[in-house]
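Both complexes below contain chain A, partnered by chain B and then by chain C.
Our next item is the complex of A and B:
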């Protein structure tokens, strides 16, 4: 085996040190941070049990449901709490259908209603069915680094690529240790804050850090907040086509 | 007093025990319990009041891997002015649902729904909704439906039912019908078409009654719905009398806090032409002196006697728990209309307190002109108020 001579060893060591110093002193690009966020949060498919605790004007409502989703196309939600039991939502091809056990009929939700609150929560129908990559939809810029709730984070300012986005601007606090989105503020074009998401808890699922408990605030509803908890989360496992069908909605 | 409740529980227990041998899952019970108190004043009966305790009790039980049993009962106890306390139960739903590999079959007493019309929905011809009572659950029909889904957004159905028509005397025999429907959902629209044929009106006749329905819903900034039904009695010549259609649009404003709906309804079967008065309906100028139950239209009873109707409603949500809905149903041919105001408040999860007022009006009420179909004299009251406390469970 041939070893490096002294001169070569010194040169190699200097190279390693300089690479190391360079790596320590350089932040990753904003785009790559956002891609890592997407790697954590964007799934091919998901199934979970959900619970929304809605607090508004001193009242507390709890909604429970089971849900399945597939990419950014399809989702299916069935409510299981006693007051809403049997109410189902199907998002398919960009349209939203609802089945109500009271009317016993499937109704197509008109497009203009998709921005409205879902079941009285701080999330709109659109929010609940959104699963598209932020790194594709937004141009990110690192605004600064700061600690949030004791965790070091990059603060990213996002500008929408398309004018049709519900939230033209967003600000994300991304944890430096595992790319959790610790906080997400969503803004209108005017700069008015519309929504605020705060991560309460994430779980390691299949090699990624996935948000399973989040607090959502619709800033247009004063004093309102929704805590959204997911359990029994299964990511990227095959989900039958039949789940996202009119047939399942009408069962 | 307790007999109706016993009846319900015994019936549900019987259903449950029938399901158990088939590896039943735990049955799920749900429903609505309502306490109602209301008054109506004016017109024929003077001032009346009514108090009611009402429950809609529902049960769903798995029977094996592929079958489900559904049952629902209405129970009520009612008393009112010059009315003794009366308690009764009513079967609202009782059917089985079997999910096959490619075909689903539902059979029994159930809701068989068609069409997308908002307030008026003529293609929902087995039990069309009443725009005056949009929140009411529709009556069931005794029948069967086989549904086939060629793909995830297409549905084909074969159905048969005993179509109930509360206004027609069938002299002791039922008039079943059979039909087929197809439904297609695409990103731009949803569409449905149906055809059904029903046994003749006259016993012994071979002249079947045919129904052809079509419904379309699409988005173009607002949501639009076109819903139609053509009824052709082979015993008669084809005419526009058999045509009913509704065209409506809905839109929301103020970030969804305000929801607006407008709809036009054409009723070709209306027995009154634009220049005819209500007295022509009954063949008497003195119709308004008779009690409601004593009035018999010359051409038979119907839901609507005019040909043209308009419906508007506006729902405003003050917050998640407080809503007000104003609506108005108009018969423009005689200038009569029924404005209604519904206020709802949800003090806690599952409980809704509401107050509904309805005020039938016509030209006569304003000091002149004719009495109209939707006026106080024809409706039998000049104002009504209903307070309700509704608990969902």
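Our next item is the complex of A and C:
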């Protein structure tokens, strides 16, 4: 028995195509969502004043610093709070150097040291210097849509393209209205949750929604949290080469 | 009844009969002696081993962990496994002041400030270490860090000078990472203010403590320099106290607790987890030894049951000739007792010889366990404990348990009617 005649078949196919096109228009693909996230968060250059409030083992420590970064190549951080004044970090050509005023020496941080906590915070050195596009490093899949803190969000499951990624899996809650990453859970290959980022506040800077206040939790440190606040953020403005020099580190 | 025994030669006569009887079957007697002997040897050897281990653990705990008494803040105690430096003792009071005060207490030989902190090494082979900040001059005067040779433990170079940018490392770490005297070790620690502190001390000495945890993982540095880098100021993370007499630790602990006030945890060395655990297990060892001795005594029990069965006519004859039931039981019990005594004596002699040998020629536990002693606070070399009371205890334990076990089969002879026995 013929179910549809030719005319009906063509009409039905056209209907399917239009429904599919309509659906694509309202629900973008996971890849394009991630690209929009990158558009918000990945910069050509950045300068800002930072503040980390670390709460761990019932104590609270505040660290202040100034920072500059250029694409995913160079970054420079100088701590300004009294306990750490003069401690500087420089990422250059894929290498991370530290200058410590205690030793008055420049030391190279490499290998396992990059995964260590930075300044006792919940973030590692790797976390703080990473500025590469998620859409290049991960393959996203939309897991579901749900509301988070009153905002509608896509929940994306990310799988790393390369096996060398620090977090082989991530789960992102991306706001549907402006592509803010409302929450980011980062997992080990075993599925154990390693880190959890929660957006507290983002700001509109140069046409993009940029996260300026986040809470980070290292799940391997019981009862620990770090609130990371950026102020005086300047994006995509030229930063002098001298900022990212060894001379600046030792100065 | 006693009058009759005395008239017939008394206890000595019964003992002579029992002694002669046990040699009527030499093979069976020898087997009984060997069985009891093995049990007693095992008990003495194991007791020597356990006591040797306990002494070893107590030595390690007192030398490296607690002294005779140790004091830390309550917050530090809660997170002790992480060696936090954020919680100094007595709300950051100056360590020097506290030490002076403690050293005035009667029976205190010395008080010392110690700081321990985890460090990440820049080296890619040895990635983590424990940095131990101590008053090196005072510590080496008070302690023999090498527990086997009773020396300061330095096998190459020297210990760091006071407040110098220097360190000493364990020989296992030096071997693993290829560090030599004169090299510098780049490391990172987290300070009391939660800051990353980088340090590059020069290796001036390599030590061997024969304590795996320290030989593999520890970097010894001058206390005052470490305190400054970690932002502790004059405050102490831990104060350890050495007493003139270990037995005074309880009193000193109480006085220190009163002096340092609340939010401070003051403990004597015997409260250490490992020491308390080893001590609490002594009851269990007794049960194990008891079971072993009872099993060994089964051979005597079996022998006595067989002997009574074999000599049933003889028992009847003894009764017919006028020996009382008590005298007959005594003869059989003495036979069992003599077997137990001879066995226990043989076991005690061999056990004592082994324990003495073990106390002179130590056992290399690191080789025996394939390096698995790292988390156990004990020296890599185990000396067995040799002591006369321990040997005597083993001997008496063997005699008592075996003799008690043979009491029931010996009594069996008392219920044999002479007339019935002679008729068989």
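In this text, the second predicted complex is superposed on the first by the 225 of 251 C-alpha atoms of A that agree within 3 Å, B and C clash if a C-alpha of one lies under 4 Å from a C-alpha of the other, contacts with A are read in each partner's own complex, and residues count from 1 in each chain.
In the analysis below, a contact is a pair of C-beta atoms (placed from the backbone, for glycine too) under 8 Å apart; a residue touches a chain by one contact, two chains touch by 3 or more.
Because the structure is a prediction, the values reported are computed rather than measured.
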* Structure fact -> So, after the overlay on chain A, do chain B and chain C clash or fit? They clash
* **First (chain B), second (chain C), both or neither touched by A:57** => both
* Please indicate which partner A:83 is in contact with in the superposed arrangement: first for chain B, second for chain C, both, or neither. => both
* Asked: For A:92, is the partner it touches chain B (first), chain C (second), both, or none of the two (neither)?
  -> first
* Asked: Of the partners chain B and chain C, which touch A:120 in the superposed model: first, second, both, neither?
  -> both
* Asked: So which one touches more of the residues on chain A, chain B or chain C?
  -> B
* Partner chain(s) touched by A:108 [first = chain B, second = chain C, both, neither] -> both
* Figure out whether A:220 sits in contact with chain B (first) or chain C (second), or with both, or with neither. => first
* To do: Scan A:247 for contacts with chain B and chain C and give back first, second, both or neither.
  => first
* Asked: Is A:164 in contact with chain B, with chain C, with both, or with neither (first, second, both, neither)?
  -> neither
* So which chain C segment collides with chain B once the two are superposed: 113-121, 275-283, 329-337 or 365-373? -> 113-121
* Structure fact -> The intersection of the chain A residues contacting chain B with those contacting chain C is 54, 56-57, 59, 61, 83, 102-103, 105, 107-108, 110-113, 116-117, 120
* Structure fact -> Counting only contacts in the complex, chain B reaches chain A at residues 28, 30, 58, 60, 97, 99, 104, 110-111, 113, 116, 137-138, 147, 149, 152-153, 155, 183, 185-187, 190, 217, 219, 221-223, 250-252, 255-256, 259, 319-321, 347-350, 392-393
* Note which residues of chain A are touching chain B in the complex, please. => 54, 56-57, 59-62, 82-83, 85-86, 92-95, 97, 101-105, 107-108, 110-113, 115-117, 120, 220-221, 241-242, 244-247, 250-251
* Asked: How about chain C: which of its residues touch chain A in the complex?
  -> 75, 79, 84, 86-87, 120, 122, 124, 127, 186, 188, 190-191, 193-200, 229, 231
* Could you pull out which chain A residues touch chain C in their complex? => 54, 56-59, 61, 63, 79, 83-84, 87, 98, 100, 102-103, 105, 107-113, 116-121
